[in-house]
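To start, the structure under review is shown below, and the notes come after it.
Labels for the chains are A, B, C, D, E and F, by order of writing; each one numbers its residues from 1.
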Amino acid sequence: MGQFSSPGRVALQIAMAVGAEGETLAARARDHGFAVVTGKAGSMDVQKIIAAVETAAKREGLIDEGYRAEHALYHATLDALQGMGRGHLELGGILRTLGLRFAVVKGARIRGDAEGPWLAVAMYGMIGAPRRGHEHEVCGLGVNHL
Amino acid sequence: MGQFSSPGRVALQIAMAVGAEGETLAARARDHGFAVVTGKAGSMDVQKIIAAVETAAKREGLIDEGYRAEHALYHATLDALQGMGRGHLELGGILRTLGLRFAVVKGARIRGDAEGPWLAVAMYGMIGAPRRGHEHEVCGLGVNHL
Amino acid sequence: MGQFSSPGRVALQIAMAVGAEGETLAARARDHGFAVVTGKAGSMDVQKIIAAVETAAKREGLIDEGYRAEHALYHATLDALQGMGRGHLELGGILRTLGLRFAVVKGARIRGDAEGPWLAVAMYGMIGAPRRGHEHEVCGLGVNHL
Amino acid sequence: MGQFSSPGRVALQIAMAVGAEGETLAARARDHGFAVVTGKAGSMDVQKIIAAVETAAKREGLIDEGYRAEHALYHATLDALQGMGRGHLELGGILRTLGLRFAVVKGARIRGDAEGPWLAVAMYGMIGAPRRGHEHEVCGLGVNHL
Amino acid sequence: MGQFSSPGRVALQIAMAVGAEGETLAARARDHGFAVVTGKAGSMDVQKIIAAVETAAKREGLIDEGYRAEHALYHATLDALQGMGRGHLELGGILRTLGLRFAVVKGARIRGDAEGPWLAVAMYGMIGAPRRGHEHEVCGLGVNHL
Amino acid sequence: MGQFSSPGRVALQIAMAVGAEGETLAARARDHGFAVVTGKAGSMDVQKIIAAVETAAKREGLIDEGYRAEHALYHATLDALQGMGRGHLELGGILRTLGLRFAVVKGARIRGDAEGPWLAVAMYGMIGAPRRGHEHEVCGLGVNHL
């Protein structure tokens, strides 16, 4: 499988990209037929991170205004947050803070799949105590049918 | 931050690498001072995946035979599996199967940190029903002090 | 087994009832020896839903003022909320809101059981994004010995 | 809202129905445009219950052979099992056994919704110790976009 | 509050006792009006530990043969296991093994409480990898109304 | 094994001690080579309890100002809170409040272990409804390599 053969890897590569590399990868992913939205979020409130992902995806038209797409995106986002939180979804509630870059990618589940589009939400960032530098890396990926 | 500035990103890049790119990345990561172990696992039993990671890390000397390092690796592996399982650690027990590539990376938590080594366990693969092709991508990352 | 043979089914039927049917079912359940309390709640705070159930049960005398009965009701309520939340108890904390009708039913665990009363807490409603109409059905049932 | 206005209530009513009433309700639900599949399962293995639901839904053509529909049904089934298990998905693994009737209903999320079909999986039954009669009622509902 | 004023502390002290001290504490607890059962268990299967506690409590008459008491004890035992497992109830399923001493204590919730007896299940032991000496301490306590 | 042979038992004994006995036990534990910090906390906010433990451990020099030790203590504290919360980390969020005494103990994992120090965080207290006396005992223990 190639680097652009599935939306999850594409989303993860973009979320983890260093500097301007993220935009380059997003452009190449769009050339391969994926829709891509990226953004940053930092918060002690999980709901603000969920809202940041949803707002970006709607603003750039990756999903429409209906409930089906929102429902699909919401659960992909929660799944990504499970990887970030590793057992707990709370942030400030258990005295930790999170800063991350996210990417939402829409496209075929794997190359050649004709069943319709899927969504991948990837997040990569740093989680830790509310004290500068007291943090380590975290990552999350959620994939859902649209 | 550069591509090789922290063990989590290094481990994720290697776990997600396509074909021979993984070995190239591992070699470059070693040049940057990281110890790297990679492997593959596929199972409906979570314990077999945990064992595959631990066996590889011990065989290649990334961790020693003591309990401290094993305890650090075990919890980093469980954290990675939280991202893979997204709310449940069961595989066959809830009728799903998992195939993945993993990377274990040992090194400074971030560039310039002098507090001692950390471990990152990254996994990337496909989870799904026990039926060929009925699966989607998953990813997980666990980071722990050694 | 008949429609009024156990407190869980009775509570669920009342919580799901359409319009005035709920009061009819509650009256028939009381004829069969059950104590029944019903109410509505809508919130992004889980604790307000727990409080609404407890307040209704105490106000109508379904449980007394002691801690034993409160403890039994609390855990039956948490169990019902597990069905509503499906893996997470948070509402607003993960950007979702909940509106529901609940029923608390006290009586024999099954027809003919002479071991003493049990409590059933049933909830049925709509969960979704904080946006009108972006929601779907949820249900929960908790059963505990009193 | 009427008794047949949403797939979750329809599925719950059928799963909880006493005797032949379930078939009557299923027939009326089909008259209202819903596709309905029902069945029974009893096991100490969660995967057998998941498989029973999926097998019934495929055999009766409620979902097709593709992965999208299977993915939607799988997650609706897991959500229903969260209500049944209330915090744990294990059955025999924590020394308990489960017997249930289930209903899978496909149709509009609420009356008048034109966004496409949703799936509801409802379960109602008895959970308890592996000893005759040592059990109480449980219920679960999962709803997902198809 | 004194050392024998509540069943949870009594159960914990007995479960953690060194050598013959446990029997001395149990005898003194009985003098204070508590019923006490103790035992040991070691397993990679959670259900065997649940069964060991239940079997001991029934054999020594601490609970009767009915379902109410069994239900109360079961949930107190699960609560104790939450402290032992800290987020996961699996043992062998996530490649770890557990050896423990347990105590079940029946009596007033706190000194002077007249609402009826409660159950406390305490466990103390070692959890770790299936390799001699690769383990650390764990503890759990569950309290429920009888 | 003796009463002072491992940090978990030492921490639990001190957290459960009645009156002045806690200071006596702490002094004896220090004679056996353990570092010991104790304190009290009461809150409906989990983060305040985490902060109370961390603040006490840093103020008395049990851990240094670096991130490694803070990370080790944080996860030991979360593990202890799993035993206190038994399935949920929320307190006020699910309408309950917690008062506790805690002890943090640093030392060899078991007598004779030469691999370096471990941390044990023990908590013992009362959890319940926000109403005087409506509460029961809870306990938790977390153990981590430093």
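Here, contacts are C-beta pairs under 8 Å (C-beta built on N, C-alpha and C of every residue); 3 or more make two chains touch, one makes a residue touch a chain.
Here the structure is a predicted model, which is why all the values come from computation and not from measurement.
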Between subunit D and subunit E, the fewest steps along chains that touch one another: 1
Per Cα centroids, the chain farthest from subunit E: A
Candidate from E-F, D-E or A-D with the same interface as B-E, over half of contact pairs in common: D-E
Centroid-based (C-alpha) most distant chain relative to subunit F: D
Subunit B and subunit D, separation of their C-alpha mean positions in angstrom: 36
Subunit C and subunit D, separation of their C-alpha mean positions in angstrom: 20
Subunit A and subunit E: spacing of chain centres that average the CA atoms, whole Å: 43
Residue list for subunit D, restricted to those that touch at least two other chains: 67, 71, 87, 90, 93, 109, 136
Sites on subunit C touched by subunit F in the complex: 45-47, 50-51, 67, 70-71, 74, 78, 89-90, 93
Residues on subunit A engaged by subunit F in the complex (per definition of touch): 88, 90, 92-96, 128-129, 133-136
Subunit C-facing residues of subunit E, complex: 66-68, 71-72, 75, 109, 115-116, 144-145
Subunit F contact footprint on subunit E (complex, rising order): 1-3, 6-9, 12-13, 16, 18, 79, 82-87, 109, 118, 120, 122, 124, 136-143
